[in-house]
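Note that the chains take the letters A, B, C and D in the order they are written out, and that residue 1 is the start of every chain.
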Amino acid sequence: MALRRLFTATVYRNCQIRPGYWRADLDLDSSGCEAFSEVQPGQFAELRVSDISLPPAQEVPANLRDLAQRNIILRRPFSFCDVHAGPKGIRIGVLYCVLGPATVRMMSLARGDQVSLIGPLGKGYTVSPEKKYALLLAGGMGAPPLMHLGEYIRARYPEVTPIAFLGARSLEHLPYDVHIDNEKGAYAAEYDRIGVESHIATDDGSIGFRGFVTQCVEQWLKEQAIQPEEAGLYSCGPEVMLAATVALADKYGIACQVSMERMMACGIGLCQSCVVATKGKGETGPYKLCCMDGPVFDGKDVVFE
Amino acid sequence: MSESIDLTVDFAGLKAANPVFTASGTCGYCNELADFMDLSRLGGFITKSITPEARRGNPTPRIVETDSGMLNAIGLANVGVDLFIKEKLPAIAQMNTLVFVNLAGQTMEEYVAVAEKLSLRKEVAGFELNISCPNVKEGGITFGTDPAQIEQITSRVKNAVGGKVLMVKLTPSVTDITATARAAVNGGADALSLVNTFPAMVIDIETRRPILANRSGGLSGPAIKPIAIYLVHRVFTEVAGPGHIPIMGMGGIRTASDALEFLLAGATAVAVGTATFAQPDCAIRIIQGMEEHCRRKGISSIRNLIGGLQ
Amino acid sequence: MSESIDLTVDFAGLKAANPVFTASGTCGYCNELADFMDLSRLGGFITKSITPEARRGNPTPRIVETDSGMLNAIGLANVGVDLFIKEKLPAIAQMNTLVFVNLAGQTMEEYVAVAEKLSLRKEVAGFELNISCPNVKEGGITFGTDPAQIEQITSRVKNAVGGKVLMVKLTPSVTDITATARAAVNGGADALSLVNTFPAMVIDIETRRPILANRSGGLSGPAIKPIAIYLVHRVFTEVAGPGHIPIMGMGGIRTASDALEFLLAGATAVAVGTATFAQPDCAIRIIQGMEEHCRRKGISSIRNLIGGLQ
Amino acid sequence: MALRRLFTATVYRNCQIRPGYWRADLDLDSSGCEAFSEVQPGQFAELRVSDISLPPAQEVPANLRDLAQRNIILRRPFSFCDVHAGPKGIRIGVLYCVLGPATVRMMSLARGDQVSLIGPLGKGYTVSPEKKYALLLAGGMGAPPLMHLGEYIRARYPEVTPIAFLGARSLEHLPYDVHIDNEKGAYAAEYDRIGVESHIATDDGSIGFRGFVTQCVEQWLKEQAIQPEEAGLYSCGPEVMLAATVALADKYGIACQVSMERMMACGIGLCQSCVVATKGKGETGPYKLCCMDGPVFDGKDVVFE
């Protein structure tokens, strides 16, 4: 079991990146830096957000006004969109979508505020260094850990080319700074910045490829005439999208890792709330814990519900 | 200043280093919390419910947060007693604290079967009889509300535990908790633990469905603390105190002050459940806080507080 | 967009402008809230408990806050039915909303006495029978846990209300709420209201005394909401729904979403209690929020949601 | 019934005035200004503090760490140490002592934050314009409304001389900026600033008069040979001190008003939680509501418990 700790981080910055999507950068204390020195993309941390103030009523999205009033006690799991070790320590980026009482409160984090974290937790993505392409499939808020993975691969596996496929219902649900270029088509500036080619897919075609992100990848696989052993799929997003990704991986015989999401009470293997059904001898095999055995699983092992 | 405070308590003949336990289902099987605390500093540890066979438990979502609380419907998911013995007992042997195994089953025979398999294991200090789980159809809470059944199951399991301590865990969802408490005592319980969670439900108004896959679940956390305190106090004054039966108090404990409230109400020890999720080292902080409280108030032994409500 | 949503509900034959009431003991006798809301916009109003004679109630402290909740031990303090008629009914006559008078007493005769005095007053739309107050020694919760007594008191009071609607308020602190609900229905209740507060206690660890002068009190507020939802749903599916008895749901309602959860669980109307203390115009905000919800979801009548849990 | 409203105020300033004692100044919105246009000293407001963040752990006083974790839902009653109408509206000062979950949270209020208030509530002090002296007796945190009263009398009743008697257990429990002067002895700068003479009493004699504030007043009454009809007593503080004040007033036949404190769930007459026993025909008469009939009562009417 890798190192994991309960520690404090200091907010360096917290800002809205587009309506409903925010990014917080946190500077870890020395204990956190130690724990995060070998963090893998796809791991997560449990943030304590119960002590943060509620933003003023007019800043709370109308559809969340009722939910926002809930007094919260549990931590919340978040993965990281990047982890940068600088001279003064480690800074992690958390990209988050505002959709409930905890994330509403996170909007009011300000520089200098302190946040308690437990992490890094769970098992992240395992990069296959022999594959030519690492295809990163992100659905909606699935973005953060894959961004980290892209950068991680660029830094450590020069032989592997990461390529991101970023899907969402429509343009306004894409948590990126999307650009359009005559040559490259639609791409995300965030991935561009880390030197990762990206493709955009929207269900409604409001930008990029029209259709599911899995269809977009499939088209690319065909166009490029990729051989199964040349590529690995790394995906994160809503469960239907992950199931489609696994089906695609099966069809083409490509290895595939999926990052699963579950409501988690503890994040550290105490409560059994976060189980994921896995394949076994019979119909389904044992449940595994998303927080300990995952969140990243081999696509072959997961039984989607 | 640094004069040492005696935090030890006698719990049904077992000597606990202090009154703070971790509660069943919220601290894993054995050493899951070891990264966050020195487990040997605990007063004691109560395992997840163990059944004769492995149980997968309920589908997800199994939990949902509520105001100052949470619902769970884990459904007694566990590895089963045999794997528990093989894989978890060795780690328990290293923990150097009092370990209670929480027993569950669908029939009386199942409870007895688990108890028998563990009755001779020296790693196990005692048992907690879970007859109050709101999240399984069979067994569970139905046993826990009928005094006659409580007395019967307690005495049958008591015969199977080979002289180890048997603690019976009560549900708060009864008209008269002194009746169920008395039934357990009559059945031979060495200790009582209360409270288990309250049957509860959260509905998603968008989908018009309950959030939990099991539809309902058990409410725990600070939200229920004042009810738990009331019930512990009633059981202490009307049943346990007069019979010198120790109480393990639980329900919403998060701070040393909370724990001290339970002791004053009549608990000899307390168990920390939901709060551990938010703060994994919560139990240790509580032990420290208790010691500070005693020092500040000039209390030499924590035992002086038990049942001390004026 | 501005198409009007039908928020009216039929509550035991009474037409309420919307399903939102204010709960007994949390909104005064009559127009205390008038500075903060237009009372005629309420679905209805439930008065403080009224007894035959004036009652001073318990000494202070009578309340204490808890995590997401509060305890009260007011002790049914009220001016008594005669002064109520003289001083409060005139203001009630001006309120232009459905007013239920909450009845309390120490003996069956006392409940009947209050009911009779008010049975002919046209200002009063109906009665709520409080047989579940945890804060008085006599009467109160003891009536409320025994099905035989519930049936008897319900039928006696029913005879005294002169054809007005009689709603029976149930305590959540019973083993089987369907048994108490059924007893009320058998006794002739036109409607059920649930839940009342839970017996609970807060201890001051510095003084080692309960904070409340009455020692224990009743827990209300968001903390209890998920238990209340569960109980409303059980009573709806097992007792009230099949008999077409409307339920007044309450316990921790603070937002329109909370109120909608109760409707989906089976309540025909809801009452807002503790939340009014924090937000005096809470009930009106809830009505607005319900209307917005219906508009957003394309629901033409709020009645379509009642018992709509999938 | 005077005007009372549910409205929003904006924090102008919030700072510690000495360890454990803080002062917040709030700018009322237009609805609040209207409601406060005729506020009387001794009235109060119900503040909503449940949405405010918890200060960082290290700033929470050690003895309040456990209490501070409570999720709060009820408002809290506070009176005002001053109410100033300026060109831009009304600013009120709230002096508070940090002793529980609500007041701990109030520590983290910052300029620009919004707070919901209900007020002004209850009945304040009634000034007797025919008395030569208004003797203000404050025990511990009883200070705020009497400070307002002192200023109010100075502004509106030039014939009445307010004199403050400020008591506490010891120097560090006096929520004032205490000065010592050869001529005046110990006095509070806050009262000096509003032109009110003040006398300090501490139980332990750590500053000023040694003894209870009531003893200090009694000495002054004797020294000045005050006639009963010349003075009115206006007091606020712990209940034992109020009882002693009433006893003193009785002894000298002086009129006396006391401001009572009760745990309040609503502050507006809904819940009956705040009752004060009053004298009646029998042993005790009816309970009155501290939030509606008080908090200021005629000393003669109250039965102390």
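To be clear about the criterion, contacts are C-beta pairs under 8 Å (C-beta built on N, C-alpha and C of every residue); 3 or more make two chains touch, one makes a residue touch a chain.
Fair warning: this is a prediction, and the values are worked out from it, not measured in the lab.
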Any chain that touches chain C and chain B: A, D
Centre-to-centre distance between chain C and chain A (centres being mean Cα positions), rounded to whole Å: 46
For chain A paired with chain B, centre-to-centre distance based on mean C-alpha positions, whole Å: 36
CA centroid of chain A to CA centroid of chain D, Å: 53
Contacts with two or more other chains, residues of chain C listed in rising order: 66-69, 221-222, 257
In chain D, residues with contacts to at least two other chains: 50, 70-71, 73
Chain-level touch network, classified as line, ring, star, complete or other: complete
Of all residues in chain D, those that touch chain B in their complex: 65-67, 69-71
Residue ranges of chain C in contact with chain D within the complex: 25-28, 32-33, 35-36, 48, 54, 56-57, 59-70, 72, 74, 77, 221-222, 274-281
Residues of chain A defined as touching chain D within the complex: 50-54, 56-57, 71, 73, 108, 113-114
Complex contacts: residues of chain B adjacent to chain D: 67-68, 222, 254-258, 289
Sites on chain B touched by chain C in the complex: 66-69, 71, 145, 173-176, 198-203, 205, 207-210, 216, 219, 221-227, 229-230, 233, 252, 257, 260-261, 264-265, 293, 308-310
